[in-house]
Amino acid sequence: MEGLKLITDNKLETNITVGDTVIGGDEVVIMAGPCAVESKEQLFITAGALKELGVKILRGGAFKPRTSPYAFSGLGEDGLKMLQDVSNTTGMAIITEVMNPNEVPMVAEYADILQVGSRNMQNFPLLQAVGNTNKPVLLKRGLAATITEWLFAAEYILAEGNQQVILCERGIRTFETYTRNTVDLSAVPIVKNLTNLPIIVDPSHATGINELVNPVSKGAVAMGADGLLIEVHPNPREALCDGEQSLTPEQFADLLVELEPICKAVGKRLHTICKKNS
Amino acid sequence: MEGLKLITDNKLETNITVGDTVIGGDEVVIMAGPCAVESKEQLFITAGALKELGVKILRGGAFKPRTSPYAFSGLGEDGLKMLQDVSNTTGMAIITEVMNPNEVPMVAEYADILQVGSRNMQNFPLLQAVGNTNKPVLLKRGLAATITEWLFAAEYILAEGNQQVILCERGIRTFETYTRNTVDLSAVPIVKNLTNLPIIVDPSHATGINELVNPVSKGAVAMGADGLLIEVHPNPREALCDGEQSLTPEQFADLLVELEPICKAVGKRLHTICKKNS
Amino acid sequence: MEGLKLITDNKLETNITVGDTVIGGDEVVIMAGPCAVESKEQLFITAGALKELGVKILRGGAFKPRTSPYAFSGLGEDGLKMLQDVSNTTGMAIITEVMNPNEVPMVAEYADILQVGSRNMQNFPLLQAVGNTNKPVLLKRGLAATITEWLFAAEYILAEGNQQVILCERGIRTFETYTRNTVDLSAVPIVKNLTNLPIIVDPSHATGINELVNPVSKGAVAMGADGLLIEVHPNPREALCDGEQSLTPEQFADLLVELEPICKAVGKRLHTICKKNS
Amino acid sequence: MEGLKLITDNKLETNITVGDTVIGGDEVVIMAGPCAVESKEQLFITAGALKELGVKILRGGAFKPRTSPYAFSGLGEDGLKMLQDVSNTTGMAIITEVMNPNEVPMVAEYADILQVGSRNMQNFPLLQAVGNTNKPVLLKRGLAATITEWLFAAEYILAEGNQQVILCERGIRTFETYTRNTVDLSAVPIVKNLTNLPIIVDPSHATGINELVNPVSKGAVAMGADGLLIEVHPNPREALCDGEQSLTPEQFADLLVELEPICKAVGKRLHTICKKNS
């Protein structure tokens, strides 16, 4: 990082606690759920299936950044209320995206983790706004961001006094068109070497392909990722957003079974299915 | 654009008028000035030199998006006031960047053209905010944005009712490290074919190298660009931002002399030095 | 170039002479013809049309590198003989690609300029083989080659004693999919600053799109290119290779008319249509 | 693959046998050794250390493709003879690179596996030449090759009648400069889905950084790679080529210990240290 003294360089262990889940410790934490909150029904079905598998953090977008202004862009605060309902019912924590610095206080009332999406990685007013909350922030890597730029973006949040930053690798843009993006799994050990921040991987956006979510998840954990952010939808074919990369609850359950031995092989435990296995 | 009917597809000629300058017509329009507003003195010296050369639109950043939170990030509203002073004195129009949707109304009081920077090309709340003003918007292409994504970003502004969008190619991120970015001059004729929007080129950010500003400017005009956005600083070595790519006023004057025959070769006039030549 | 003393760093003017054509001097030289030699008829029709427009260097591939082993890969030595026939009849010089170090002596008997394609830019045995001939070599930039790597590839040829290297920018691979490649026109002035070698641009492969050949050609010349390599086919729709980027002879003639004032604007003459204009 | 019927599409299991090692089956095969053959001493020390750890395939370059014509480019046939000596003494199989179609028969006399480097992935005469041998071919992915292009390159070899092709992912060129290349580990499951060919990963070239070889190796195996190609040098600081990415024999031994549980977690065995553990 070019001789700069950064808060991100601090090598003290930083574990981030959400409810009774610790991110950045000995457990591999799974955050799962639909790309977008579409309806109460969709959300309760998904959350129910995930909770049975021990998932404690539910993802779901109420504000969706979309390339086209004419695409479905989320239910807004109504979606946040649905997430809150599910949280109240299931006890699951909520991670959801915030796009507008203005809306940070409002979203922070509903969310347990604030997500900053890859398009906003260098939206500096937004970084400062989430840096001024006391909520953990999941900071996705920008599509064309170097690791150095990504850590500087984290530094914007840390510099405001919020030390709870979780980094999320979600694929970078390259010439390869077979996958939606090219997942840069090397970023996991590099970030681990350079900083004390937890890092997770989003295999769903990184690949854009249902059947690649499983192997990329395994690779990520083998390389030291602290967790995964996975899209699960009860009926991917009818999803309003990113159906082709969503797992069904059954596929997700199979993935957890295959992930567990990888977690053990690297000296960790899989957070998610502890309950189920006990 | 995948069968979508977009406002950007409209092939009616759209000329955008700023003061007595028409962007998108027979004239090649030059916007020039320092990367960042640093002081009244710096701004007046630069603006004075540019006005003598016929430049009618002054650029200068008061809000600067910077990779590091610890770098100089502009003078904020004080900078805007300095720009207004210069505008009042010289009659030049002002183009300046806005980063926060909140601040759009305030910046719009000072600026004649609102600039959305490349990091914010998909900052959708910001696009909607500038789309709700009546000021022309210069929309820079994102570092890793396809032309399709860029036009969809323009569509966000147009869809709010503001038809005055100027596109600005400023280089994309590739593997080549000799230049700061790789200028994609093909984007100029492609955008001209696909839309009715004016497109200009920023050779300063596109290359990051002083001596490449001249040839890239000539290439851009030969390929049909409606204008150029060029960094000029009275003393590039002492610039607080991007000095290595800024032209001195003398270099800028030389560039205009070389640009004029290129403009003529493509059937246009160079807006800038009309006065000087008369 | 990292402190290395390279032959490419030599700033003495290097003009390369092919017949009575000088490449690297005051004239913008046009090399044109079909992507692949398909038949005698196709070649004679094309060459006849080009010769009338003053073109003195005919391009045509007899050995075609193709992604798939099942695609048309050229007529081989039969194609070279057709090129020789046309050359004997029209007096035009021939540029054609060589792919195999073994075949360099054979191809060099037929060709006036040996072309090394972008896939072979770092095929070092091939570079050494063409470096051991006394024929000018046109060295295309690799799809993912930095300018530094490209100049080192030229150095392989120069180091064998052959000083007649012409560099050819033909687009690099980026994330943008609208065009076949992204033409890096900045490479033209950079190469001019760093070396004494002539540089030309191939707008046909760089864009892959018929209607972009014209504007990219104009940009290239405005930025200092010493020439252009352009695909022309009498019937692009029936071309066995790269038809979608080939110009008809009529489109090519129109291009020359538009190029001439650009050449003048940068203090050069267009080599090609001298005859026609006299 | 766009509707083409390719030999690479054949889903029959293809295992490739080298001595008593089977590539593509239940074992994860490790090929290791120095980047370049430098001397008999260097080679015997390295091979001795590797043999003790159960490595059965020794890598070492005698013909080295180098960006600069003035860099060390290998010992040529003398290097091949040293590899043969080591093979005779240790019983290890040899994998080494061939660059020139001419030299394929000669290199094939010494090598058990012929390596085609990434710069030569689309050197079609070379692909055809190795396709005409009866030796297994390791085909590295080109720096800017899509997976589709890579499989077509394999098809060139298969089409000549040689079915023994091993694919090797070694990183692609992206904008990220922290690592030498960006390893595209998604390619492993994609290739597994599309073809019957074994695929291995080269973590040394993919990252260019000593401490990343370990995590990338683990990720590759977790994602289904059939093996690894790893640079090991007795004294990396004095290596004539790529020292900064070579492991010491001690680091390599540590890696094997960490790899074994990952192999088990995905239902495979680590070929290499079977002996040691028994």
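First chain written, first letter: the chains are A, B, C and D, and each begins at residue 1.
Assume contacts are C-beta pairs under 8 Å (C-beta built on N, C-alpha and C of every residue); 3 or more make two chains touch, one makes a residue touch a chain.
Owing to the predicted nature of the structure, the values given are computational and were not obtained by experimental measurement.
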item	value
Higher-contact pair (C-beta pairs counted), A-C versus A-B	A-B
Classification of the chain C:chain D interface as same or different, half of numbers criterion	same
Rounded Å distance, chain A centre to chain B centre (Cα mean)	36
Averaged-CA centre spacing for the pair chain C and chain A, given as whole angstrom	49
Shared interface positions of chain A, touching two or more other chains	144, 173-175, 177
Chain contact graph, described as a line, ring, star, complete graph or other shape	complete
Partner chain B, residues of chain A touching it in the complex	4, 65-70, 73, 99-102, 119-120, 122-125, 142-144, 149, 152, 155-156, 159, 173
Residues on chain B engaged by chain C in the complex (per definition of touch)	144, 146-148, 172, 174-179, 182-186, 188-190, 193, 206-207, 211-212, 215-216, 218-224, 261-262, 264-266
Of all residues in chain C, those that touch chain A in their complex	173-175, 177
